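Let me begin by presenting the structure, written as structure tokens, before commenting on it.
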Amino acid sequence: MNQLLLKKQLISFLNEDIGSGDLSCQALFEDQQILGKGQFYSKQDGLFVGEQIIQETYALFNEKIDIHLFKKDGEITRKGEVIAEVTGPYHVLLKAERVLLNIIQRLSGIATITNKTVQQLANQQIKITDTRKTTPGLRMLEKYAVRCGGGINHRFGLYDAIMLKDNHIAAMGSISEAVHKVRQKAGHMVKVEVEIRNEIQLKEPIESEVDCIMFDNMSPTKVKEMIHFVPKHIVTEASGNITLENIADFRESGVDMISLGFLTHSATALDISFNIMEEMK
Amino acid sequence: MNQLLLKKQLISFLNEDIGSGDLSCQALFEDQQILGKGQFYSKQDGLFVGEQIIQETYALFNEKIDIHLFKKDGEITRKGEVIAEVTGPYHVLLKAERVLLNIIQRLSGIATITNKTVQQLANQQIKITDTRKTTPGLRMLEKYAVRCGGGINHRFGLYDAIMLKDNHIAAMGSISEAVHKVRQKAGHMVKVEVEIRNEIQLKEPIESEVDCIMFDNMSPTKVKEMIHFVPKHIVTEASGNITLENIADFRESGVDMISLGFLTHSATALDISFNIMEEMK
Amino acid sequence: MNQLLLKKQLISFLNEDIGSGDLSCQALFEDQQILGKGQFYSKQDGLFVGEQIIQETYALFNEKIDIHLFKKDGEITRKGEVIAEVTGPYHVLLKAERVLLNIIQRLSGIATITNKTVQQLANQQIKITDTRKTTPGLRMLEKYAVRCGGGINHRFGLYDAIMLKDNHIAAMGSISEAVHKVRQKAGHMVKVEVEIRNEIQLKEPIESEVDCIMFDNMSPTKVKEMIHFVPKHIVTEASGNITLENIADFRESGVDMISLGFLTHSATALDISFNIMEEMK
Amino acid sequence: MNQLLLKKQLISFLNEDIGSGDLSCQALFEDQQILGKGQFYSKQDGLFVGEQIIQETYALFNEKIDIHLFKKDGEITRKGEVIAEVTGPYHVLLKAERVLLNIIQRLSGIATITNKTVQQLANQQIKITDTRKTTPGLRMLEKYAVRCGGGINHRFGLYDAIMLKDNHIAAMGSISEAVHKVRQKAGHMVKVEVEIRNEIQLKEPIESEVDCIMFDNMSPTKVKEMIHFVPKHIVTEASGNITLENIADFRESGVDMISLGFLTHSATALDISFNIMEEMK
Amino acid sequence: MNQLLLKKQLISFLNEDIGSGDLSCQALFEDQQILGKGQFYSKQDGLFVGEQIIQETYALFNEKIDIHLFKKDGEITRKGEVIAEVTGPYHVLLKAERVLLNIIQRLSGIATITNKTVQQLANQQIKITDTRKTTPGLRMLEKYAVRCGGGINHRFGLYDAIMLKDNHIAAMGSISEAVHKVRQKAGHMVKVEVEIRNEIQLKEPIESEVDCIMFDNMSPTKVKEMIHFVPKHIVTEASGNITLENIADFRESGVDMISLGFLTHSATALDISFNIMEEMK
Amino acid sequence: MNQLLLKKQLISFLNEDIGSGDLSCQALFEDQQILGKGQFYSKQDGLFVGEQIIQETYALFNEKIDIHLFKKDGEITRKGEVIAEVTGPYHVLLKAERVLLNIIQRLSGIATITNKTVQQLANQQIKITDTRKTTPGLRMLEKYAVRCGGGINHRFGLYDAIMLKDNHIAAMGSISEAVHKVRQKAGHMVKVEVEIRNEIQLKEPIESEVDCIMFDNMSPTKVKEMIHFVPKHIVTEASGNITLENIADFRESGVDMISLGFLTHSATALDISFNIMEEMK
């Protein structure tokens, strides 16, 4: 992660919640400094993501705060386990609580479902990868969570790789024409992937020597058939209508990657809580 | 919604995806302007949210784009129905596609689950309300989606209402002490809610004349019992471990509000697609 | 106050003054580091506001600066008294001087006039409150100063409470209609206030059970008469044409709040100076 | 004024007030578009400032709004006169109302007091000038208002001219030394002013050929005496403890400029109101 | 280019020059609107870059401005030729003039030198590519200019491709180890390039199947020798100490790409002027 | 320099390069912290500029980094000399490397060429000055580099001085008219310069008592002739078509300043490298 960007995002997330001021803390603690010790703990089994987030968030407040992390990013956390312990002024612990939980729960949820998918697939030769179907504003964080869960990242945006979809191809007339044009214009460090929907489309990307071919919405059987014709140096990807339930069907498909939108657009938050254990005089 | 803030957020979301440039469109369309007509359509039944988002997003590009909206925010959209039709330059349609879908799918998903919850509860006297468990950076949008789905909004952040939770109360010694202190300091336009966990705690907030009492993690039966003792002018709220499955049990509880974190932290995206139908010469 | 927001504002205020560089300090001190000790002191009696502002401002420069504060926010400072003593590099003391004084003088001026108003009214049962007539960009700071002076805050903006004025009411047809509509749409943590201009308008807001009624531009006698009819749980507020000179007339009016635009839109700055006492080798 | 900067500031001022949304307008007008015609009018005599501010503010909302301005910046507006008439959606008129008034009232107040000062002085040979004692964040706007009132601008910040005050001089050892050093380092387009506190200090800046000499806290008589010794090509400025009441005493002092902090740090807002006259179907 | 990002950058560039206001235009034109017609024209032969920049810049001012472009990006412009003609308010033409020229001259200079390099090399099989040695803040624009000049883009930053240099390799122990590790972690859309300094290092990247090999600081003869051993599907790049003078020596080297830092870090601006031809009544 | 602005710019420059993350460092160092010691050293003779830039850049990362600077800004650095030594985490050294070099090389290049120009002119009575032909976004830094090289700064932007060029003059009808108007409107701290193109234009600015006269595109002989008629208190400036090659011809011209666009718009970067010397366990 780019920690300068992370810091900027955390400030903006905190400001969204604190706004013109924390009315509760202002009323209660403006005239007295109370220290407390709080704990983040799991209320559910899953993978934790949030080390750097916890550290960078508390560092934004100019106050002395002690942080002890008991889990690393991507590590399993069991229901009831303490993830981190924090000692500092009550008002900081309370101001940061909800925002921290909102981020950590979401990212841990993504890592957890990614990991479940990897387990379910149970074939190390096939990589699980994310998509651009991330939450607006959270792509860097969510793609990091996918990595923590054992997945790898597909392209980050429109800016770091070329993916030719049916709309691009239709506009250019043919796959060959589209690939030819992007190869001429794009830099040599840019990979080109083409999305195909049926076997008739398979020949063109192979002859155009694309870097990757994505099989959109095809059955495992169909994918397996098609891969037979794809030269080894072209990466293959399956995508579309693949779920946690049916992913095991792709175990023997021979595909290199399976990309899954639900990892980020429909992940359920992992239940993590924050509790202030005691006041400290 | 604050449309000035919305505009700023949309720019930031688009920049997250486009970054230093859309490599595919740059290579294909930099030397030729192609017009296309595209459609947003539902692949699933649900409630649509996104009118203003679609309009403000395309308006950010200095190009002529025609937009026809066939659905209003909060309106039901059936699988296969067209939500909006857009005519404009190919490169704009393609650059905005993923970001628009990412926002609209999420917000429509939230409105849809909110609406399901309202249906499930089937008691207009009890309002469904959201929480601060929203996606960092998307609170304004997600709370809008909850309203579109038939819910109402709880406080927006730490800045617009006071909620005294166990941590606040513990630090002050008692509910009465905490309420007394915030009443002295906070403005007369600020409401004060107190979270209680058992019946012993009920007396204090009533005597302190708080505006709302939140029953945390109590069964419908327990909630009903407690409400019996609460004066009518104090709003009551149930929260914690309430799901789409068990919410109907609260139908006769007599509570005024039920707040649900899952509406925003674990909503599944509504499946909406964008398809470019035809090129236009 | 939200200290993250405060920090951002202070940077922007300093940049407004320093711009592309402090020409005087650059020419004089770029080739030699000189330390100095400076003092903020009052040239007038009043209430000081600025503790956190002084601390956060100097913290923005990556230099060692010692700060001793002799006054707390809201404390009386007499002509000639030292408020704070600061030791650090000359160029930092000089760069921050004018911006710090501009903020502190204004906020101290607001606290001072607020306090005078409270004294003048001499009735603790009636709260002095501010309005939205604050300086653009300084609302959080100015509302904090009002609290330091013994006042309390009215709503912070359009986003944290509902105030129905004659324009809203006219558009809806009647007070009842307007209140009914906002009650349906707004969250349960949002208070609703209605502004009325005569006794005929009094009945509707009472029957609609609003949270507050504001008497706009009425004499103390008229206010007293009207309050007679208002149930105790509805907060009453007087506003309009109330000055430091005539506020005492409201002492026996029985109103709960008096809101005063002049506290923020026409406060005179409190005269505070900064003086570098000595160079330090 | 820099209109790009102005636009950015207006957005930030509007966001300060609207925040996460205008609760009143959202509840009342989200489901119906109502047009209204509103007027800005004076409740007090004074000079108006706000043409560009009114136009740029409404332009930020993507809605059709008609604006008729009846006054120019710096023009006299009498109690009761209409300054501008605006027709557009109710929710825009209401959202922009308070922010617009807060800016215009303040700037008109500054222009008005500046103009009063110019009248009081009644000597066109002596220019009235502002200081850096402006409201943080509003310097460009407030200095514009001073120009509208008939004053001229002193330096804008630390970045556009050099002013050597006692602290600078003390650090360098002498005025000559300080002037010598800044003349060597600063560009040829930068003017240098020296502040002096007594007649003994007069010789050095003259011999150092500074561009301006500022007489700090001296009586009109003393100023007149000193000017006798200053070569004509050096601009002279009087400053400190000059008020609307005593400024006429400087009429015959022969000084070139009088700088006045109160123009910006303690100006009273000019009373201007906004009223929606009628609904339009 | 990402036009939303471009717009943001242009605003920031204009603000850098205009700051708190254009003193000359304010003094001359604040009380009268004068229209003028101006021309951008070449004072030197070269390639023009700036179409979108000219259009987006003038669009930032809310004024009617007519723009006629006579050259396209990447087109040759001869000394004396008119590039664009603009009609609009004098103050806008003058405010935008210097910033526009500063950008256009620099980008046109980069396109011109890139094109000269391509001509000098005179071998279409070898691509000229840029580096990350761009001007801070201008990378998107400068890389666009390289494309306009007939070059192609190397990676945009640290975020869109992997380049393993000697420091990375030293830290990992060996090229194989480093490549192995990044292949495991990085996504399938990310290309991996390895920089080598001598023939001994050649074997490892080939066996590790990297996407590109960069020959750092080698003579054309040495490059030619080494390429003999590189499989055709691995892209080869020559870099280091290659100048306009010696680039022709690489004509027969068989390398795929030559990357040149001087295209962006030391390009001379192309001399373009702006002249207001006439006033328009 | 304004260090708050510098910090903001450095963050933005780093984000331009790091974007969504440094793919190479993420893959290699995310699971292990390696320390390294690196050196900045010259590969060419020249003047170094970058002390504060190096310090502020590393300070942005929340990590312990030791920095030893062996050169001061404006000091000569010889080929092979070490400029600075840095010890810290590998990933920080590598992330900051290219951005730091891009800035330092450019600024050192500007200081070096400025210094060469000063040497070439070899007349301390004539100051070398920059122009507004700076790189968009880098003006503060580039003007600082000119100072480090022994030049002085011309105005920073349109906001800190008035320069009347032929377009302004044409619009006003005459030099006298234009000068008269700006003298009336502009503050007393603002200098006014007029650009003239021939001897006929010389009389007017002298009679109008401008602060500076700029001779545009005139030969040294012509400049010398004209200066004969200019009163000593008016600063004279030569500009246009002056190069490193012909600047010595102006040695005896008697002009006060020579402004040179090439110092900033066409300076060649000074070759500086960064090398990680050793890993540290």
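As written, the chains take the letters A, B, C, D, E and F, and residue 1 is the first residue of each chain.
One rule holds for everything that comes next: a residue touches a chain if its C-beta (ideal position, glycine included) is under 8 Å from a C-beta of that chain, and two chains touch if they have at least 3 such contacts.
Computed from a prediction, not measured in an experiment: that's the story for all the values here.
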item: Proportion of interface numbers common to chain A and chain E (over half same, under half different); value: same
item: Chain located farthest away, centre of chain F as origin (C-alpha); value: B
item: Intercentroid distance (Cα basis), chain C paired with chain A, Å; value: 43
item: Whole-Å separation of chain centres (CA-atom averages), chain A against chain D; value: 51
item: Interchain centroid distance [CA atoms averaged], chain A/chain B, Å; value: 22
item: Set of chain A residues in contact with two or more other chains; value: 2, 18-22, 26, 139, 156-157, 159-161, 185-186, 190
item: Residue ranges of chain F in contact with chain A within the complex; value: 11, 14-15, 18-22, 26, 60-62
item: Complex contacts: residues of chain E adjacent to chain A; value: 2, 127, 129, 147, 152-156, 159-161, 185-191, 193, 211-212, 233, 235, 237, 256-257
item: Of chain F, residues touching chain E in the complex; value: 9, 12-13, 16-30, 34, 36, 90, 93-95, 98-99, 101-103, 105-106, 109, 132-139, 156-164, 167-168, 170-172, 178, 181-182, 184-186, 190, 265-266, 268-269, 275-276, 279
item: Residues of chain B touching chain D in the complex; value: 1-5, 8, 56, 59, 139-140, 143-144, 156-157
